[in-house]
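Before I ask anything, let me first share the structure, which is written out below as structure tokens.
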């Protein structure tokens, strides 16, 4: 994946690159849904359809040595941070060639070399470690930033409050990216938060908070750049309240009985970040088709790669418990 | 290019679903993402969207339960040939819903991966020896110490057996309880002192241990079985005057050379008559049925050295008293000589047990399963009873009938016993 | 050989590690100027400064989790959880995160973090400041659990825990902080997973941890007078357990008592008893005895606290039962 050349301003070709990446994530997630329904993928799967702009916008703004930690809805972040579709698909199939070598699965995707400290199945579980990683960067005087992804639901859990409080107290170089898709599983935001504006949560800790339109990848990128700058310069952590939309259920197969059909349809029509970018770039139908064909091939190839991958031996389960 | 529409796995450990109704008809245009049919997944009924655009060329399964992965329709270009045979739905509606150990809402057991799970299971079962685990395998070196289980040691202690003389058949040559038992049964050496058996062995003197022979084991087992039955007992006291007279007469008529009939033989004959009139008592209890027999095969309990056997006289209702006496004498001789055959023991439908010769006045016999009833006979004694309002001395005998209540009701048993008493008191009634 | 108290021994191990290694730092509640609620970290902030001797807010999850995060980046943090009872708050991070990152990533990273804590009854701390929860953590694959009972042991084992590349839950006992012992001039690292025999004996092995090691030694002296020769072994590391040492000892004596201050039911003694039963089955001449606290939360009133908690006398009674003697018989 070509890196964005000039960090700070985005050229049209950068944005085209973003489009391609977002579409790749979209097609990947759709393929995951398809393979799950065909009975090939064990476990829990949560796809990020609708939230591609957040993943791409944030991850493309990072420096090489910055790190991320993600949540149960991690495929988009993982791909955007540089893990190849082959490695990711192989992990979902439980193969040794997977990024976690078959030990983790969809909710425990790690790619340490590429700065991905892991997806976490416990809501808010990875937040303290991001505060800790940022602390380590500060103690060692390294110009690196630790970035956490989490959802609006996570802003209710203890680790969220403790981690942000501590991060701000110690002014560690961290960025907390809240993907507010307005749903915590099946519970709508108004039913789990007593406040409407999730950025208020950060204000409680005295932390700088920025509101971002999560369906506009350019806006996400720019906001992230500014936040990273703030954190990296020692001014302290930043809370990005990113407004986004989940265009599918919480998990694959979720019939979303708790969500009104009209709302879902309306959201799908008006809030698709890929559509937004396509319009902004004025891409023609042919342009899109060409990119689509390309990414579809990559996605199809990743399934082949995964299916032909190596199954772990049963006894491999006994390895890697201790260093 | 036609696309097959297959029933999707919608998570939740789903193995099948029920098509409720199609929202499109054959020949309709369909857009990808459009609602195509309604599916009942036992959690919820939901609309399922089309995964391709085109024309709904064929609906292969219109309604009913379908396994996940089965083709239910075909979408393609107008005019395309579709050669898919409409498949039968899964039909009888009893989808084996997989009960996963970790029945999570959102997860999938992914049946396509069942073989992987099988492999993991098999490897785990076969792998006890090799794995890097915290479960130690006990070391084989015992440094000269006798390996004996705590239980074996206790038995050895109690019986005064030298463990060193016992061959161990347990894992790693460990002496287990059975080994000590076996040694004891075959007359094992007992230590003169308690050395070698353990710190606190108690010397046992004068205790004779009698191992059970297989006969005794069988008796024990059958008695334990009998004990499970819910029984009731009925007793009557019989005036034996007429019976004793009859016996005396028969003995006189018989002459020498033949077996002298006894009261027991009379009892056997008369019981057979009563049994024929009350077939419910001449029965075997078989769990969910009772077998009523057309012939009275009466078992006579015979004490033998170290035990009890019950040889059977077949067809007592057809035999005369003399024949019964002869048969009885024969089987008793065989029993006492240890020469009974299996055929002598089989086929009994009723048993009579007589302890009268020991002076026992009354007792309750334990059932002889699967027989539904057994008669206990006491001694005949002179008693003072009321006869026509006046005290008189009469020979009286108490008999007790034990019945398996699962096969015989109280009234049934009572009627039988009433008739039996009547026959004993007036044998002519049994003719 | 200098004489160090258990408390000073902990401090010594921390100081030496921080002097040697920039990557070692400590964090916890009130550990800086105040020197910790048990005075263990007294003076460290003066030598190493507030960045490396770091006070945290009352946030056990973030405290434990930040330590985990820093460890994942290659540092060797030592996080202090003020009271063992508060481990319950940090447990999600210790159990779901620290113990599992290496495994879930397929071996891509290590989490060389040490969680230090202290617990135990004595002087009426009350039910929520007195627990002994070590058995919970022995149950978690991916963790190591250490519970030293003497100054020499705590110094050598804390050093080894800091330099172990796995997350270690390190238990200290509050009533042991004051005990003194001559220790080697130079800190000698003690291997994790190695038991220590305090006293040789022939008739019964007492396997004890924490405060009960000392109670067991006192009981052993008494038993000696009754003609019973007692061997006292301290596993020191609970996970991984030095099974060979424990089993050999019981094979020698044929009798075993397991003693800990924690509640008997589901306590660490149950694991030891199962290991001994399996590994020394044919060597056992008596059932394995377990000594521990009675099954109640810890009461406040001193008379009740003493009743609940095990003492040397309980160990002695257990010893007597194994050799077939009862008190008073």
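Labels A, B and C are assigned to the chains in the order they are written; within every chain, residues are numbered from 1.
Here is the rule we go by: a contact is a pair of C-beta atoms (placed from the backbone, for glycine too) under 8 Å apart; a residue touches a chain by one contact, two chains touch by 3 or more.
Because the structure is a prediction, the values reported are computed rather than measured.
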Centre-most chain, if every chain is reduced to its averaged C-alpha atoms: C
Top-ranked pair of chains - ranking by C-beta pairs in contact: A-C
Separation of mean Cα positions, chain B and chain A [Å, integer]: 64
Where chain B and chain C are represented by their mean Cα positions, the distance between them in whole Å: 55
For chain A paired with chain C, centre-to-centre distance based on mean C-alpha positions, whole Å: 41
Sites on chain C touched by chain A in the complex: 22, 25, 51-52, 56-57, 59-75, 77, 92-93, 96-97, 101-110, 112, 141-142, 144, 165-166
Contacting residues of chain A [partner chain C, same complex]: 98-104, 108, 110-113, 117-118, 120, 122, 125-137, 139-140, 146, 158-159, 162-163, 165-166, 169, 319-323
Interface residues, chain C side, partner chain B - complex: 240-241, 243, 247, 275, 278-285, 324
Residue ranges of chain B in contact with chain A within the complex: 6, 8-12, 14, 41, 43-44, 46, 51, 68-69, 104-113, 116, 119-120, 123-124, 127, 130-133
Chain C contact footprint on chain B (complex, rising order): 134-136, 138-139, 142, 145, 147-150, 174, 198-200
